[in-house]
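Each of the two complexes below includes chain A, the first together with chain B, the second together with chain C.
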Partner chain A sequence: MTSLKSFMSRQELLGLLVIAAVLFVVMPLAMDIFRLNLFGKYLTYAFVAIGLVLCWGKGGILSLGQGVFFGLGGYCMAMYLKLEASTPEATAIQSTPGIPDFMDWNQITALPWFWEPFNSLTFTLLAIIVVPAVFAFIIGAAMFKRRVGGVYFAIITQAIAAILTILIIGQQGYTGGVNGITDLRTLKGWDIRTDEAKYILYYVNGALLIGVLVLCQIVLKSKLGRLLVAVRDQEDRVRFSGYDVSNIKIFVFCFAAVLSAIGGAMFTLQVGFMSPSFVGIVPSIEMVIFCAVGGRLSIFGAVYGTLLVNWAKTTFSETFPELWLFGLGALFIAVVLVFPNGLSGLYQSYLAPLVDRFMGGKGRGSDPDTSPPAADLTAAPSAKPAE
Partner chain B sequence: MRRVKDIVQSRMSRRSLLAGTAATAILMAAGTVSPSFADEVNTTGLAVTDDTVQVGILHSVTGTMAISETGSVQAEKLAIEQINAMGGVLGRKIEYIQEDGASDWPTFAEKAKKLLVNDKVAAVFGCWTSASRKAVLPVFEQYNGMLYYPTFYEGLEQSPNVIYTGQEATQQIIAGIDWVAKEKGAKSFYLLGSDYIWPRTSNKIARKHIEKLGHKVVGEEYYPLGHTQFNSVINKIKLKKPDVIYAIVVGGSNVAFYKQLKAAGIDMTKEKPLLLTISVTEDEIRGIGGENIEGAYAAMKYFQSLDNENNKEFVSAFKEMWGEDIVIGDVTQAAYLGPWLWKAAVEKAGSFDIDKVRLASPGIELTTAPEGYVRVHENHHLWSKTRIGLAKTDGQYELVYETADLMEPDPFPEGYQ
Partner chain C sequence: MFADYTWTELGSIFAMQGFAGLILFSVFVLMALGLAIIFGQMGVINMAHGEFMILGAYVTYLCSNLVEAYAPSLFGVYFFFAMALAFLAAGALGALVEWSLIRHLYKRPLDTLLATWGLSLILQQAYRSIFGAREVGVSLPNWLLGSVPLTDIIEIPINGIFVMVLTFVIAIGVYFILFRSRMGMQTRAVVQNRVMAGAVGINTEKVDRHTFALGCGIAGIAGSAFTMIGSTGPTAGQLYIVDTFLIVVFGGAASLIGTIASSFAISQAQSTMEFFLSGSMAKVLTLLTVVGILMLRPEGLFSLKIRR
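For the complex of A and B:
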């Protein structure tokens, strides 16, 4: 029990259990497979939002390009699935059977070299982790070693998102262009489009999410996590204390990138395709919004924020197909104006004391960061990243 | 404590009472529906009752594509209203469920699935871009739905679950190039387009056909969607002096392209170079401005100015429903055909079942189509005429040529791939 307590307060344990209960019990009981699959899709964005909590909320590094990593993970998975779907028999109608259909449309007659390794599932799974990590490391090392931060860093991440989108769309023979990589069918012969597969993928996704939450909790409670918060609040003091600030930043940026990529890969599996519309600036900013609505200081809040925003998006757009964007806009404005710390802020100010009293107190307090001090509450999310 | 319990209990009982009433109501409703009647025409559990049938409309009404797709939504609603006024389909009024694809391909897939799985609609009229169609295609094939797709597109596709009411690339391209080669004596062509699958595939077909005729392609270039700087290509055009500029620029880029072309002194009202496009309908001219595109030729199957009885009725009904100053482009007309083709197929099949509608579809003909006459081919595309229009300053096209016969749709053209 002592080891458990050291990285998780009672409140946090409760939070984790509640999320697990919601994911594994409440949702599957309350929803048919269509809605559950939609929720599974929303949950893949939660990986990105959790990454942003670490990166932005705890570390003060605002990245407006997380879609890049979501896309990298998603594309790695999609490339594997597409190769599996493009057997010579299934593509007999093409001029070059055995290559993905969009390559054939673009007069490519042989599989490009960088597609070859994606015939292997092991390589693909590794690539989902390694490719975004290396990419994030390069960006991070280039920026943080030169002490580029704050708004400048945010702008650069946006530029990278824009560049990657243009690259994917421009190289349509190799990437599927604007259409993306579509019509994915099986994973090692297992049909991912059946209802049964959707249930299984939903649970795999949920289990991964819980695993990621626990992992993040361990990171946050470690010395590294405390240093991270210290870097956010007083970067110079950390530096003067002899720590290499840039390494800490690079680590958290890479970590968030890998989380996003896992989300992207799960997205591809559950939705059945990947397209550049997840890589660009708009989806990247949307993901920051999920995180802000949930409360950028809480990894649990990020999950609820993602679910709430996406649920609202689906519901509004089904009910008012021509006006729904206004409803969504109003929701964001309300969150920023009324609850600057998002859902988790609401929880901390109203519910947490009650829960605390109910559970016999003392669970909290041990971690000053999950209950933001008064000064932090007044700092609107928009003001924070600029530091 | 006791009081709380009481309240809870009374609430509980009220709730169960409500639930009970609801259940009875449902049972009663189920009793009144004579299942045998609805079942005859619907054996697969689609949303069909004795007097209604539900269909889906799935276009972008928000986002960057909304400006293009709105016309299709309006046309589909008009067709549905007219069909209902005539007594519906197999005696059932059509009710539509509209969903917004939000110019976002994954959203299209999500909403398509919702329409098919949750709402169990009997048909969906929708999509515009190829990307959105590619995104929903696996959904329609997996859940066995029926999609009526209105846009002219690149071909290379033939799904049992889609009826393509717009032209595929060869229909639009071959007649157009034949015409400029024969009537205008064109020998050299400069191909350009936006950089995605439709312009690229179309230009590939165009190039093969031009070379087959023994003429020359002097340049071929692509620009990203939304590109607005065409000066360099315009300079190249001036240098190479082609007889024909063959332009497949789409969306907002058109505005910049035609304005810059005019500003650079290329006068399309002169015989050389002449400009032939397959991507600018009356809708796009609204954005470009008639004075900037005056003299250009477009090859497609429909123009608002077509002079026939069907079209006059269609245009006046459309304007009555959606306003006097509206324009109708090729895709809008193709979208209008969707509900009518579906109605004809359902009535021929005597059933709403997707499989039966699919089997009944080939051979369906519409003599009331605003474009004149169309017939569904075995390959789910339409036989239709191809027409050449000359753009005028008022934003309308003047018909200068139409093929004598219907063009056969050929989504997988031999020798053009």
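For the complex of A and C:
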């Protein structure tokens, strides 16, 4: 147990166990398969939110383009599934059998070269990890090496999200346009639309999420994680201590991107389609609010935040569609003004002491980065003179 | 792609697209000026800027309907007081927002971004509830309709010329307010050194509020001008917000000249390419170029030389 204790305090282990219990026991027992599938979809956003905790909460880098990576992962998966669904037999009525239906509708007669490798599942799984990582590396290296950060980084990532959406919608013949890639059926011959498959995918998704949480915990407790928080709070001091600040930032940005992409791929598998409406500015910024509601400093909080906001969104937009946007807007404002540390902040200040006493622990472990720093001091725009 | 056209045709195409680009340029400048004041001078990210613009557009729409119904004789000139009203309405809302929201967040720019995004969602839904989800247009007085023929193939719409003149006047106005007036001097003083500005007797909180309100008011005027060339819907503001932020950053955040230059470059590039490529590809290429240049030169085209 010594190795476990080195990266997980009693509190955090408890948090992980509670999440695992909720995911694997409570939710499957409490919900029918339709609702469970819906919550499985929400959980794919939790990957993005966890990435944002690392990137934004711990590292102070706010990316408004996480939808880009979610989309890249999702589209990679969707391309593979679409190719499998478009066998020459299944698409015999098209003028060019064997290519995806939307290509046929757009008078494309041969499979474009960048679609070819997605015939292979191994390549696809690799691409889900590698493509977003490389993309994030290029953006991150270009920006962080030049010491661009804060607000400027947010605006540029947002612009990239906008560009990718316009590109996907504009290049209908290659990407399926505004409808996205739809009508996905099987994975290696295994029908993903049956109830049984949905259960299995839900559990795979949950297991991946737990794995990601453990991985993030390891990263955060490592020296790298400490450095990350140090960079957020006193970037110059870290630099003067001889560390390369930009590399730390690039790493965490790429890491968050890969997490988002995994979420995107699982999204495609569970929902059965991928469209540009999960890529652009609006979904990207909504993913930030999932993270903020859960608590920007807590990876466990991010999961609950995602579930809560999405559940509220589904419930309210079904019953009072007009009120929902007011509610979401108010949520954005409240989470910034009233409770900047989100659900986990509330938990830390009200519930955690009780839980601690109940468990007989001798006070909380001395953990500097769970104490709530309300202001992110990191975000000084680089072109602004000091006040 | 040029091979199918003769030289005269190409010339006319460039002239016409160039003019269409100039109208886009005017809208960009009007929007970006307000943002350049708020973001460039104060360092505040106002994601609801587009919604302030749309407020101006709806005010103009209401004025046009009211004047048409109750005072048709004034219809020829209603636009001028509609614009003044749009400025006041957006400015007042801006002051209210600064007082209730922004002033708590000056130290946390990223949080301002999220909060103003929330505000923009609320405003959008408010517009939708009040004015309906459909796009609305205003009816223009007669003297703004029609176009001026320049040569046989080139024609210039009058409302476009009006919008450009308006942009020019407002840009000059903003220049005078920022660089030739007492208020502008105080604004710049507060931006450069808040503590010292306070020490010499400037009421920094008041200056903040006025600056924010001024930026929002200009967005209102932009919305008013926008109604002359397009229709207004609850979400129209969001379409422009990314372009506008890119323009301000691309121009160099604290530079008015930079803002205008980058509006010009972006709008011209976009509208000229639009003729030869599809609209979406033109936009993608333009934005990609801007983002690429910003990655190489993060401080933008025109940057102040300051020691950090």
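Observations, loosely collected:
Keep this in mind: the second predicted complex is superposed on the first by the 354 of 387 C-alpha atoms of A that agree within 3 Å, B and C clash if a C-alpha of one lies under 4 Å from a C-alpha of the other, contacts with A are read in each partner's own complex, and residues count from 1 in each chain.
We adopt the following convention: contacts are C-beta pairs under 8 Å (C-beta built on N, C-alpha and C of every residue); 3 or more make two chains touch, one makes a residue touch a chain.
Model, not experiment: these values are computed from the prediction.
In the superposition on chain A, contact of A:Arg237 is made with neither chain B nor chain C. In the superposition on chain A, A:Leu325 contacts both chain B and chain C.
When the two structures are aligned on the shared chain, A:Ile169 is found in touch with chain B and with chain C. When the two complexes are overlaid on their common chain A, residue A:Pro340 makes contact with chain C while staying clear of chain B. When the two complexes are overlaid on their common chain A, residue A:Val178 makes contact with chain B while staying clear of chain C.
By the touch criterion stated above, A:Arg146 is placed in contact with chain C alone, chain B being left untouched.
Of the two partner chains placed around the shared chain by superposition, chain B is the only one that A:Ser275 touches, whereas chain C remains out of contact. Annotation for chain A, partner touching more residues between chain B and chain C: C. In the superposition on chain A, A:Ile93 contacts chain B only, with no contact to chain C.
When the two complexes are superposed on chain A, the residues of chain A that touch both chain B and chain C are 166, 169-170, 322, 325.
Interface residues of chain B facing chain A in the complex, by the touch rule stated above, are 61-62, 98-100, 102, 104-107, 109-111, 113-114, 117-118, 129-131, 134-135, 137-138, 142, 154, 156, 195-197, 200-201, 204, 224-225, 412, 417. Chain contact summary for the complex, chain A toward chain C: residues 56, 62, 64, 139, 142-143, 146-148, 150-152, 154-156, 158-160, 162-163, 166-167, 169-170, 281, 285, 288-289, 292, 322, 325-326, 328-333, 335-337, 340, 375-377, 379-387. Interface of chain A with chain B (complex): residues 32, 34, 38, 41, 93, 95, 102, 105-107, 166, 169-170, 172, 177-180, 182-185, 193, 271-273, 275, 277-278, 314, 317-318, 321-322, 324-325.
The touching residues of chain C, when paired with chain A in their complex, are 43, 45, 101, 104-105, 107-115, 117-122, 124-126, 128-129, 191-195, 238, 242, 245-246, 249, 252-254, 278-281, 283-284, 287-288, 290-291, 294-296, 298-300, 303-304, 306, 308.
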